[in-house]
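Right after this note come the structures.
Look for subunit A in each of the two complexes below; its partner is subunit B in the first and subunit C in the second.
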Partner chain A sequence: MILHAVAATALLALSGIAVAVFPRSILAFLLFQGSLLVVYLARIPNWLRWGLLGVALLVLMPIIGAYNGYYLEVATQVGIFVALALGLNIVVGLAGLLDLGYVAFFAVGAYSWAIFGSPHGNIAFGGAAFPLAPPWFFAFLLIGLTVAAISGVLLGLPVLRLRGDYLAIVTLGFGEVIRVLANNLDKPINLTNGPKGITPISRPPALGLSYGEYFYFLVLLIVVVVVLVNRRLEDSHIGRAWEAVREDEMAAQAMGVPLVHAKLLAFACGASFAGVMGVLFAAKQVFINPESFTFLESIGVLAMVILGGMGSIPGAVLGATVVTVLNLQVLKGFSLWLNELKNAGVTVLGYSLADLPTQLEPAKYERMIFGMILVLMMIFRPQGILPARRRQRELG
Partner chain B sequence: MSELLEARGVSKQFGGLTAVNRVDFSLSAGIVSIIGPNGAGKTTLFNVFTGLYAPDEGVVTFRDRPLAGLRPDQITALGICRTFQSIRLFANMTAIENVLVGMHSRVRLGLWDVLTRGPRFRYLEPEHWSQAAKLLDRVGLRASANDVAKNLPYGDQRRLEIARALASEPSLLLLDEPTAGMTQGEARTLMALLRRLVGDLGLAVVLIEHNMRVVMEVSDRVTVLDHGEKIAEGAPREVQADTRVIEAYLGRRRWDHAAG
Partner chain C sequence: MHMDIPLLIGIFPQVLLDGIILGFMYALIALGYTMVYGVLEFINFAHSEIFIAGAFVGVEILLGLKQAGVLDGLPWPLVLALILLAGMAASGLLAVTMERVAYRPLRGAPRLIPLISAIGVSFFLQDLIRLVESVWRNSFNLVYPSMDSLNVRFELTETIDVSLKALVVIGAALAMLGVLHILVNRTKVGTAIRAVAEDQAAASLMGINVNGIISLTFLIGGAMGGAAGVLFGVQYGLINPYTGFIPGLKAFTAAVLGGIGNIPGAMVGGLVLGLLEAFAASYLSLLTGGAFGAEYKDIFAFSVLILILIFRPKGLLGEVVRERA
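And now, the complex of A and B:
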């Protein structure tokens, strides 16, 4: 135990220093992320675990961000996807409702603030009341949540009787409908400005922080709330009812679980997390267009949930982190490194890297590597990296 | 005294097949067994009682309240709960979680209570857990409370199904072949348990059962179905001696078998 405590603390401190010394090194940053996982898994007292994680995320990460702002951006993106993965985890992991159009709720949240929080609102509704004052952003976090939850229920209603493949296809269609709507609602009323997207979207007052730091902390706060809500739902009669529906719908209903209510609640809860993050995403990006809400995004979030372990909260967090970091850093970093070698005229076994066709850049086949990882996972560890563990209880 | 459960002229058809044909059934207390050869419509009748199927004809009332149009979960909330012929536990949940799901219709907590973990939640949730533990105790599964349901031995799974059904605090329990696959000894233990439950909780039980020794020992009354029709009803001893029942089980003349 003491050994674990010392080792975990030392690793965290070392990797933090490593990032400070080599602010450009991706390896150092990956080491830092890995050390967070080690701290989470180490056999140490809980106060120490959460203390270390708190220090790492609240103090070390912003300092790292000061050395290399891009890392803070990566961390923020990771946070956004963690919230999305946790939302989808409720729908797919707990309630067992395969949703392939999840990003639609993210879009609903994003567009709700984009329209009202930018001058585009004037075109859509007339007048000159828009953009709304920046503090409205916080109200819109709740409005985005509500609107997304309502659209979750709207999606849920027609698909209540569907299961498995059929449900997957309808949700896929729903996701596409939302994207196509966003793409085409520039006529007759210009609500979404079509493929050109909406810009500039207002940002909330920054309270003296840089926007990078500001959004990082805001995302962190929302993620903490989302994790807490997720845990409380999971460990209650509501979460158990969802799992019962996943295990055996008919038996669940025969035991007194109202199916319609349980499923709609799962859709609404899952959607609401995406809605909140959508609002934040719109403000952070300043610009959104339908390109951000494609089918591939839905699949990406689903992959995070599956990779981490269905129905597992730590799994969803880890899955989101791994996939996002892989996409944003590892593959792109590898491409850059390869390019540097090329430009330096390095030869391997008599073959000049400069002759390497550009098609072979790792960043170009990010989806393929991603797919390979998923296939390998399904073969060797189908339950995910951190599978859901049954809670063991002391019974009084 | 009016009946607890009463079915009048219940019919259910699947395509051209009449699974249940104008069956009357009633019980007010005690243990009533429904027996009959395979395909006689016993389970179909259960499915009608619990709202999984809507009857094509006839009326089912529970405490004089018609059940037509109610969903299965609403019927469970009224006080009818069941087990399944093929075990349908929530396989990846622990034994105690299975029982807790059974309590769902009795939980008086809302989304807000769950999210805020207010005093109501902090008082009621441990209450639910200890209630569930007591139910596991009752069926002798306390020691397996934290075991995942699919890892339990077969007999334990059957008993867990009963505990899960009891969790909804039913006044009528429907058991679909609870001793299937059990040895005679295990079946006896289970029936002793059932007797205790009826005594302690004032529970009425409808039992579908193939094990005749069990049926004759434990039942207050027996109803016999064959090809969807009720062919006999009465005390176990009377039914045992009924010629139509013997015919249904053993056949009448050789050409009946050849034709059938």
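And now, the complex of A and C:
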């Protein structure tokens, strides 16, 4: 135990120093992220575990951000996807409803703030009342949550009677409908400004922090709330009803679980997390267009949930982190590195890298990554990397 | 609102023809979904990539012939037969491999597990095609070289004409649907396929090699998808690795529309959806005075899917698959 405690603390400190010494090294930052996982898994007292994680996320991460602002951006993105993965985890992991159009709720949240929080509102509704004052942002976190939850219920009502695989395709269709609408509702009324997107979207008052730090802390706060809500939901009455529905609908119904009610709640809960994050995403990006809300994003979030383990909260957090970092850092880093080698005229086994086709951009192969994650996990480890405790007990 | 009635009537035959071509395309793709669903009760989400892989094999052969300088010298039926066969063979084999690698290990798992795997295969293949073409041609947006002899147009009336290409696409699709119909309903192999679809355990007790039949189902469905891909390329020209996704989704809609698992249903569903879409694309803008344009045709197709699933999940001709409790 003491050995674990010392090792975990040392690793965290060392990796933090490593990032400070080599602020541009992707490996150092990966080491830092890995050390967080080690701390989480190490056999140390809980106060030490959460203390270390708290220090790492609240103190070390902003300091790292001061050395290399991009890392703070990565951490913020990770946070956004953690919240999305946790939301989808309720629908897919707990209730067992495969939702392939999850990003639609994210879009609903994002557009709700984008329209009212930018001058575009004047074009959509006339007048000169928009953008709303920045503090409205916080109200819109709740409004986005509500609107997304309502659209979750609206989608859920007609489709919940369907078999699982049909449900998946219908949610996929729903996601595409939302995207096509966002793309085309620039006429007859210009609501979304079509493919050109909406900008500039107001940001909340920054309280003296830089926007990078501000959004990092805001996302962290929301993620903590989301994790706590998830923890409470999991062991609650409704959480157990969801898992009963997932395992066997008939049996659940026979035991008195109201099927439609439970499924609707799952849709609404999952959607509401996405809605909140959508509002935040819109403010963070300042600019949104339909390209941010494609089927690819839905599958990306699904891959996060599957990788970590369906129904598992730590799994969703881990999955979201790994996939986001893979996309933002590893693929891009590999791309940059390859380009440097190309420009330096390096040859490998007599083949000059400068002859590599220009259209071969390794950063663009995120679909391949998502695809491999989904197939390999389904075949070799369907319970995920960090399986849900209840499932572990069932299988063990 | 002013409506140009003569214009609406004038374009009608042309729209009808477009709809029929699109419909046969959907029907050919839908067969792959419906046959696999009939046998395994499983949505082969990656069928859209089987389809586009066929289109890529076709374009590679055409480009190869063109670079060799023989494309214009060969008679078009020969070239077309060559690319159709090659596309069908490649797509069929791809489908069989896919089943062996990604689906067979998951047989018997809960319904959603193989579906998630299929989504993964679909995404993987899209980028694999992109990777191969990027390395090979340094471009993954390819255009079918035009074959002049196929672009001959026949004037039916003063305003309506039809290209030889369109007739060839319709003819080829009809021929393939006919062959498939005979194969499934009149041959011994077809009886075996239907037996496996009905009850796998009983079929295997009757001495049918169930795994072999499942592979064969994927082979046939994949070959149909590959043929559709080649015809799609010949008809519409431009393809890229992601082109297959939306037609695939619509073909799935067609399969559900006709009643999934039901082969004639897939043909009917494909035609109905193709016609609906063609008319939506041409008339929506005219009827609403430009407020809603052809962009909404995708929404139209998905709405059809959602409505049919809610109100008549067995499809127009009835679902062949039995509902599992």
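Simple rule for what comes next: the second predicted complex is superposed on the first by the 381 of 396 C-alpha atoms of A that agree within 3 Å, B and C clash if a C-alpha of one lies under 4 Å from a C-alpha of the other, contacts with A are read in each partner's own complex, and residues count from 1 in each chain.
As a convention for this text, a contact is a pair of C-beta atoms (placed from the backbone, for glycine too) under 8 Å apart; a residue touches a chain by one contact, two chains touch by 3 or more.
Since we're looking at a predicted model, the values are computed, not measured.
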Task: Check the residue A:259 against both partner chains and state whether it touches subunit B (first), subunit C (second), both, or neither.
output: first
Message: A:229 in the overlay: touching subunit B, subunit C, both, or neither? Say first, second, both or neither.
response: first
Field: Most subunit A residues touched (candidates subunit B, subunit C)
entry: C
Field: Partner chain(s) touched by A:244 [first = subunit B, second = subunit C, both, neither]
entry: first
- prompt: Once the shared chain is lined up, is A:104 touching subunit B (first), subunit C (second), both, or neither of them?
  reply: neither
Query: Which partner does A:219 reach: the first (subunit B), the second (subunit C), both, or neither?
result: neither
Query: Which holds for A:166: it touches subunit B only (first), subunit C only (second), both, or neither?
result: second
Task: Would you please give the residues of subunit A that touch subunit B in one complex and also touch subunit C in the other complex?
output: 250
Message: With touch defined as at the start, can you tell me which subunit A residues reach subunit C in the complex?
response: 96, 98, 100, 158-159, 161-166, 168-170, 172-174, 176-177, 180-181, 183-184, 187-188, 250, 295, 299, 302-303, 306, 357-360, 364-365, 367-368, 370-376, 378-379, 382
Message: Taking the touch rule as given, give the residues of subunit B at its contact with subunit A in the complex, in rising order.
response: 50, 52, 71-74, 76-77, 81-82, 84, 88-94, 96-97, 100-107, 109, 111, 114-115, 117, 121, 125-126, 128-130, 133, 142, 145-146, 148, 164-165, 167-168
Query: Inside the complex, what are the residues of subunit C that reach subunit A?
result: 42-43, 102, 105-106, 109, 111-117, 119-128, 130-131, 134-135, 138-140, 245, 249, 252, 256, 290-293, 295-296, 298-299, 302-303, 305-306, 309-310, 313, 325
Statement: Touching subunit B in the complex, subunit A uses residues 229, 232-233, 236-238, 240-241, 243-244, 247-248, 250-259, 265, 390-393, 395-396
